[in-house]
Amino acid sequence: MPIRATVWGENVHEQKNKAVAENYPKGMHGQIASLLSEDKNIVATTVTLQDPEHGLTVKKLAETDVLIWWGHAAHKDVQDEIVNRVAKRVWEGMGLIVLHSGHESKIFQKLMGESARLNWREAGERERLWVVTPGHPITKGLPPYFELEYEEMYGEPFGVPEPLETIFISWFQGGEVFRSGLTYRRGAGNIFYFRPGHETYPTYHDKNVGLVLRNAVNWAYSGQHHPQFEKSANTPVDKAHEKIVERGAKLSNHPA
Amino acid sequence: MPIRATVWGENVHEQKNKAVAENYPKGMHGQIASLLSEDKNIVATTVTLQDPEHGLTVKKLAETDVLIWWGHAAHKDVQDEIVNRVAKRVWEGMGLIVLHSGHESKIFQKLMGESARLNWREAGERERLWVVTPGHPITKGLPPYFELEYEEMYGEPFGVPEPLETIFISWFQGGEVFRSGLTYRRGAGNIFYFRPGHETYPTYHDKNVGLVLRNAVNWAYSGQHHPQFEKSANTPVDKAHEKIVERGAKLSNHPA
Amino acid sequence: MPIRATVWGENVHEQKNKAVAENYPKGMHGQIASLLSEDKNIVATTVTLQDPEHGLTVKKLAETDVLIWWGHAAHKDVQDEIVNRVAKRVWEGMGLIVLHSGHESKIFQKLMGESARLNWREAGERERLWVVTPGHPITKGLPPYFELEYEEMYGEPFGVPEPLETIFISWFQGGEVFRSGLTYRRGAGNIFYFRPGHETYPTYHDKNVGLVLRNAVNWAYSGQHHPQFEKSANTPVDKAHEKIVERGAKLSNHPA
Amino acid sequence: MPIRATVWGENVHEQKNKAVAENYPKGMHGQIASLLSEDKNIVATTVTLQDPEHGLTVKKLAETDVLIWWGHAAHKDVQDEIVNRVAKRVWEGMGLIVLHSGHESKIFQKLMGESARLNWREAGERERLWVVTPGHPITKGLPPYFELEYEEMYGEPFGVPEPLETIFISWFQGGEVFRSGLTYRRGAGNIFYFRPGHETYPTYHDKNVGLVLRNAVNWAYSGQHHPQFEKSANTPVDKAHEKIVERGAKLSNHPA
């Protein structure tokens, strides 16, 4: 059964900015979905901020194996209830790929437990992404590095927890560096942050970027469902794995 | 200058449950502060949920190097605004030590990006904590393991991110195991989760527990202040570290 | 194309100890290969210490995607040259699964940079392995825990580096705990250490153990070859990615 | 009691290359020791490759809290027996700071379990080191980044395990990036790799480099001694922490 990837697009700058609209006539989400569809093992669909429940209904999320998130201008317009719903699905085992300016989305900040702050500059600089972990599923088939001639600069320090793995590090013309590919797990869900993707540049037409995204979807897919991550559970004395006798003082009502 | 440690106590079960009141006549926070005060390098004070702003005013937090958190029954009564204030101070470099049932406090869940769920049983079981990282500052002076004759059981899976370091693993009589000491960093702040401390047992009178807490305060102390973790910052073209020329399409107003 | 798994067996106690021979009439390597072969995506073959070059010829290693290692009595008899050859293949991208007493094999110690010491007791204790990372490919399909009624005890501290991920933690009847499943990467190669497998007990006939091993082979497989991990490489000035001019003092002959 | 830091210098290029001799009239080891001595809490001494036992006698190592290692041209001349002795002391709790070309020293390769390969170019490029972990003890007091106008380039991929923490990332003029500060623990010993320090440039006269080295010595110091990391230990049935009865088949002679 193929992997069901849902691309969430904010779909704001495509409507307002001519450069963005020209780069992405199908919307950024549409172009990202096209890149994913080059892999026969992935079935990609799209939803946007403007859809009812931002397109992230309980049903849609239940049918999503990996969610890809691109947002920038309207992070605040995403409802908290939907953010919590997405987080719960990640804990259950849904993969999540957060792109570029999605670093400041509510869902990424919530899952990181940090602000995900960084330094930035929009000047069309050359970015060179170095593969730091050859052999990792996300870098399979890539050259040792690849370049994006026009990109927004993101610079360290990046306000995120120490990752499981640092996959890419970017060099920028203006003198900065950035950890451009990072992996995390939250609950049973795999998370990948991938830096490139400023809307005024043609980043999601780049073939290496496409390969990274397809690899990342395959890596993030768990095929597992672990609803237990939502809350604590009591194992009573008579269900203990080894025979024990209850003793000591007790709270009459335990609220854990 | 000594380390300024603030012990935050929920102070609910001490008022309602006789066993807890007998174990901790000064309150749990009072007893924890006593343990810390055995280290001449630590000045410990206490605040509680019932204090104005839960005792965590901007001023008090500014004067806190390491915050110790014990809560259980009233996690929901902690105001979100105060939780966000504490998180911001952690990102700035304040240390945070979360104890026992504090795993489900708003502040810990926020910083972890997870539910911090676990399995539990209140049956006065024997817990044996094994030191997994000899040589770590938090385990300095400890024997290879130590026992708490009466404790609540916490069992895996613990719904937290992969830690920087696993410091302790607990064995329980009833057959479970638990990662009882875990380190994290969020922003510039060091975080230590330490499992023991059920209120109906005399855990905070144990000498090894006291040593762990004092070690942890010393470890978590950074002596640094990094307010930049709160938000992203622009580095304009004329301040770039290497000379660059702006090029390519731009968003007129960049909301990052 | 299926994954080519090679099971390396020491094959010493099978020849000398009646209990071992009765447990494993095909040899431990033979039984482990049988477990792997239940997965149609794996083609498992076996080699042993007694084979020429311990069965690990350059050709055989080149045709191995994932190597499984069981040894105990004869670690010292493995030639250093072969150990170095295996390490090089791991760096290139071959997966490695080290089982039980293989913790003190030359290859594991070399890749860990530590002694891999532990505490042990051979008393036929009950071991209960708890899944610490639900959602991980290695734990797919497992229950929350599983038991082995008879096993050798291994106890902490385990002298290994902090892992990428702690997959299993074991509870032992005699009061110890142990990190029973740990992941690492060295070069481009994935490494999994899995604790159970004392030769006098029927561990490799257990269905959960079989599932873990098959999952681990699938996880460790990279399908990639990165020979560059063997040595440093010069990028001369005229091949620099950005135009630079050589300057400053030089060593006449650079030995790096 | 102050921290006893021993600086190990290869002391080869200082004798052969005029630029190196002019940069470092006291030897590189002498200059590094001078930097450390600016901290009143550190007592720094020096030893060199040419000393009996390379200066690393059992006695000297027993009196060393943190060892600093600079080598380049003569890695192969370091005796294996001494390398093993140093590794054992690290496992026991001695700190180790490996500098620049020390990445290919026997001791670093042994502790990493990898080749520690990288890409390099000797062209006097500008290096800009970005602090990735503000709040860490090693970066205390540093600006957000600092520059070394003349340095050798080291580029990714760096053939080392995923670190505990990535402390610095370097930007190079020629287009490469490198993880310039990495922390590890092996046994009870803290390890820090710090990239800068090519011998033909005046790197160890830089004030930020000096601060990093002093911070790193303070961080790496454990003040602990854990000889148990050298080998496995048996815990017999009658010493088990919980009462158990021996059962099942046994190996007559257990070689673990």
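Just so it is clear, A, B, C and D label the chains in written order, and each chain counts residues from 1 on its own.
Note that in this section contacts are C-beta pairs under 8 Å (C-beta built on N, C-alpha and C of every residue); 3 or more make two chains touch, one makes a residue touch a chain.
Every value quoted in this text rests on a predicted model; they were computed, and no experiment measured them.
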item	value
Touch-network distance, subunit A to subunit C, counted in steps	1
Furthest chain, CA centroid comparison against subunit A	D
Subunit A and subunit B, separation of their C-alpha mean positions in angstrom	27
Cα-centroid distance, subunit B relative to subunit C, in whole angstrom	36
Distance from the mean Cα position of subunit D to that of subunit B, given in whole angstrom	31
Subunit B: positions in contact with at least two other chains	128, 133-134, 155, 157, 162, 164-165, 171, 173, 175-176, 185, 187, 228-229, 241-242
Topology of the chain contact graph, where touching chains are joined (line, ring, star, complete, other)	complete
For the subunit C and subunit B complex, residues of the former touching the latter	128, 130-134, 144, 155-158, 162, 164-166, 169-172, 175-177, 179
Residue numbers on subunit B that touch subunit D, as the complex places them	93, 128, 133-137, 140, 145, 164-165, 171, 173, 185, 187-190, 222-224, 226, 228-229, 241-242
Of subunit C, residues touching subunit D in the complex	13, 17, 19-20, 72-73, 87, 91, 101, 104, 110-115, 117-125, 150, 153, 155, 157, 159, 161-162, 164, 173-176, 184-187, 199-201, 228-237, 240-242, 244-252, 254-256
